């Protein structure tokens, strides 16, 4: 029996969601590292999330890790009543944090911006697309970041932004595929997909109709070899490990993780992995070159990007 | 084929519906079964047909003991039953209804309709029946539906035919046709059971008659060895009341007047027609069903919108009012279809008895119900109309047909309105109850109420009405004063031309 | 008498044995200990430190029972209104927006918002009723179809014009803190459940003891009969739907002021409150007093199953299967359900 | 603008949307006509989709995959029958339970059989290719819609007249209609209502299974948790709307499919996703309203004839 308990509460069923899976990897690594019991509570609805957080407190968790922006209200409500529990929100933060609330956020739009740069350079039709699961602010970090990246290298290129929607937007490969096909028919030759469970559908469309795609979170290039140009990488597990370490040291942690901190990245930036990644971008050294230089200017601060999540 | 029932007993809870009944049904005979409502006739036949499992007793066919697991067994062994309530699919054609459950099929289970037509042509030829096979049953008159039911039995080559009150909805002409058919069956050697409440029919048709009362078989024998009076005494278990004396009465002022009324009907517009009913008279409307009576009544009661014309009740135009307002002004209505319109079968007797009362204060306290007052009222009806039922909180669905009818009549007459509309008020009701309901309607008249009676039963119209209107093809075909009316004249008014209204039935 | 009771008890026992057997097999497949799972289930449905899990069950039960009561009013009147979800969303949305937009003292804002939510729920139900009565769209279809537009309208409103931009989620701003429903002292259960208890009492009394309820039920049992004896059928239909919708709207408002304190996209749809309410009603054959208890039963199943997933290592898919199996076996045990289906059949035929 | 809406892929995409809905709805029609209030089409579809991937993965043939889907769907029909017909559970309650059961079971099996979470995609899953029927593509107007689809689409197309004929001319079809309209009369004729309804449920399961196969091994070749994604509910609406008549059902399914497919294209014009998601439902309501007005107009005329 370990003497500490870490609980990871996911905002949605984990399933194939690479981001949420990494959260679980992260908590397990942290449990290993710091000698704690770990548990994972998956939620499905807003009410489940509240219940799960309450349950974690009730079970006497030392650290509750909450992944996603869905937990703000809940933390604001529960944290003051549970002084013995530390809360770590990954991906989001709240204002006027109590002492026991810690944050780690990502700047996904920096990586998405790089995808846009690649798309702008590779597009022959002058039109590229992006499909997100649902028109929610969080996903604008992908869609808007991408669009800005495209415009930065090819101001004339238009960006077609679409959403999967429907009854089950985060895992509907059929609609996602259909959406990709429609965009391709409408002229887009490179499509960025941030559709969670729908990504498979977009890859299939790419293989059938022979166009190129970008994807997110982990290296998905082997899913459709020769069709995935590049993917954004998000190091949730790293972030979690670091943040938990900081909390255990007694810090009031507030971390923002972007390209500079290694919290997000792209395959093109990973010099040692790129060759074996099966990503198409490896065949375009000039694109890799450009992406790396843009990344460098983001890292050194000469290029600043705004977080699209808070844009109206 | 000879069917025998011996020692049959059926119990529903505490009630013994059929009590140790033994009966033989001989081939080449028409066997009439009569008895009060709830005497157990239907239940007994349901046992024979495999719909009800008896608690005790045995069935045998030609001396061989039989056990039915379901009606399918009975049908396979040559039994056929025409149920009181039609067992038909309204959206299907006549042909589809006839073959249903006994379909001639080709290799993959597809129905060989051509073969069915050929078979039916033979059967129909033999018994001289004919009907258009491709019409949907929903568009047939009740008489035609009865023909379909009979054809269903014939098509299955039934040797024992059971007909549960087949004539209660038929016009005289249709009834005659049915009887001709039944006679033809008899000569073909089939065994026929006929349940009915009409003793004239028994006298006309039956070879043998059995009387049931309270679940027991009180007598059974050849018709020739008994008389109508004796049968009637058997049914009632006592003497028949003397025939009613009609008191002469001059009608008062006009209670209902209908002027140039037009409504849309099934086959086209009904009307224009005009009529009036005065206080203290019974106006009877005779006619073959389906000639616009139903539409007329629905227009008067407010169940159907008018196309044009006006209706006055107690001097007030009511054409634009809804049912509730019309009833409040002074109208009661005994609908023909007690199962659907007269009662809510899933509700209790008490709830049914109190629906539509205007004297709300008597059974409510503010917005709340006074359940005790409701039950008291229902109990009054039960006692006054001698309704046989488990109690005020029994479900209406557990009452026999006659008792259901009494409850509807009782509820409506208790409202004591200037106008009473009665539509086939004695449909399927036993002779005791018929007499009682007729007496109530007469009493209403004598008390100065206006009564509008619609009946497909010519005898009923003749017995009650002060004036008789005959409806044909959506219009009034003529008017006869009650005293001068005779069967033949009215019968010919409604049937002579009615024959060409039903060209499909030969 | 004793015999039938004994038989009844026996068949219940058999059903429970079936449920246990199916669950046992499923759990054996993933190697979860049956006993632990069961105790985790009970513990998580009713126990917890200071009964915190019981509070979670009650909080969920409030919403489910509220929806069940709403549905019951319609169903008993023969109105096959399965648009409770839309009415719930309409109520929740309007409650949140009204609280955000209305000026004035908190108590006034709260009261006015709850009333507005009830009006919105009633309005959405009346829309289905009007389509049914005046346009000829069967209530069953119309009310089901109307669930979707309101869901997306709400989603649009909180995604665009009324979005809380700072939060990054599809949700409205928080309603003023002074309008939040207080917790029962020492618990994390808000007093919204009192509203639901009141609504349930109202529905029970209404169904059993009022003239309007009696008339509505006659209409439900046989519309032709109701018309013939002169009951105001259209008015009854619309009034009943409005009542039903208003209660759904109230439930939406309670979810806003008691639990989430804002309108979050999907918060009323994803937990299937409306559908659970429908099964809760059908499970007990629309017997009024049993309906709230049935709602509590389903809430307990859901919190228990969620807890079992958390603490006994039984994966969530087993929890789903378990819920389904329990519903299947229990539902088929309850004879009242037969009544319900025959009444519905009559109602559906009337829609033609 | 218009060319954006009606790009060539539009015609090809409509059948992909129509097929699963149509197949599920035809199955639902069997139940509706038989008087079984089955709103578990969503669950049936989902199980079918899973079984199709299962069958195709292990056999390497999409046809065997479809067969597995048919068998699994039929099994779900049997479960429905057991609890609704035999044990007398309310049809809605049973439906909802089966929908939950399907979601739970498929996810569980996904984990147990394929050791996959959420989704399973593998080159070993054989998908249906596109069938090109000579001459079809050159048909005016409808050619682009009909050509180059999966065999299941053509099957679904054939199923419409077949079901119509089945109801009109087949023994079981006739009995199914009777069970739905006046079951007492069927029983009085000696045919058990329940048996007939059982067959209807099995047929419904089989058709829904095929619909599921279209989703998982024809539209795409993978399985994702809950991949039926509400299509079963759309089929339910279509069935209720048409009272289970095959031809009107076909029309509604096509409208649904076309509007759904169109709504993607409209998104390209910048309409908010929430509004495009609403389109199929609003279109259906509009059709309903129009239909009822048309009917009313017709009966009003008929009344005075």
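Just so it is clear, A, B, C and D label the chains in written order, and each chain counts residues from 1 on its own.
Keep this in mind: a contact is a pair of C-beta atoms (placed from the backbone, for glycine too) under 8 Å apart; a residue touches a chain by one contact, two chains touch by 3 or more.
No experiment lies behind these values; they were computed from the predicted model shown.
Novice: Where the contacts of subunit A and subunit C overlap, which chains show up?
Specialist: D
Novice: Look at the interfaces B-C and C-D and say which one is made up of more C-beta pairs in contact.
Specialist: Between B-C and C-D, the larger count of C-beta pairs in contact belongs to C-D.
Novice: Among the chains, which is located farthest from subunit A on the basis of C-alpha centroids?
Specialist: B
Novice: Please tell me the distance, in whole Å, between the geometric centres of subunit A and subunit B computed from their C-alpha atoms.
Specialist: Taking the average C-alpha coordinate of subunit A and of subunit B, the gap between them is 75 Å.
Novice: Which whole number of Å gives the spacing of the CA centres of subunit B and subunit D?
Specialist: 45
Novice: Quick one: subunit C and subunit D, Cα centre-to-centre, how many Å?
Specialist: Distance between chain centres: 28 Å.
Novice: Which residue numbers or ranges of subunit D touch two or more of the other chains?
Specialist: Within subunit D, residues 272, 274, 277 contact more than one other chain.
Novice: Tell me, which residues of subunit A touch at least two other chains?
Specialist: 13, 134-135
Novice: What are the residue numbers in subunit C that touch two or more other chains?
Specialist: 159, 316
Novice: According to the definition of touch, which chains form touching pairs?
Specialist: All touching pairs, sorted by chain label, are A-C, A-D, B-C, B-D, C-D.
Novice: What part of subunit D is in contact with subunit B in the complex they form?
Specialist: 169-172, 174-175, 177-178, 181-182, 184-192, 303-305
Novice: Quick one: in the complex, what on subunit B touches subunit D?
Specialist: 51, 70-76, 81, 83, 86-92, 96, 99-103, 105, 108-111, 113, 152, 264, 268-269, 307
Novice: In the complex, go through subunit C and note every residue touching subunit D.
Specialist: 26, 29, 131, 135-138, 140-142, 144-146, 148-149, 152-153, 155-156, 159-160, 275, 278-279, 282-283, 315-325, 327-329, 331-335, 337-338, 340-341, 344-345, 348, 352
Novice: Which part of subunit C faces subunit A closely enough to touch in the complex?
Specialist: Residues of subunit C touching subunit A: 44, 48-49, 52-53, 56, 60, 159, 163, 165-170, 174, 188, 259-262, 264-267, 270-271, 303, 306-307, 309-311, 316.
Novice: Quick check: in the complex, which residue numbers of subunit C touch subunit B?
Specialist: Residues 209-212, 214-215, 217-218, 221-222, 224-232, 339, 342-343.
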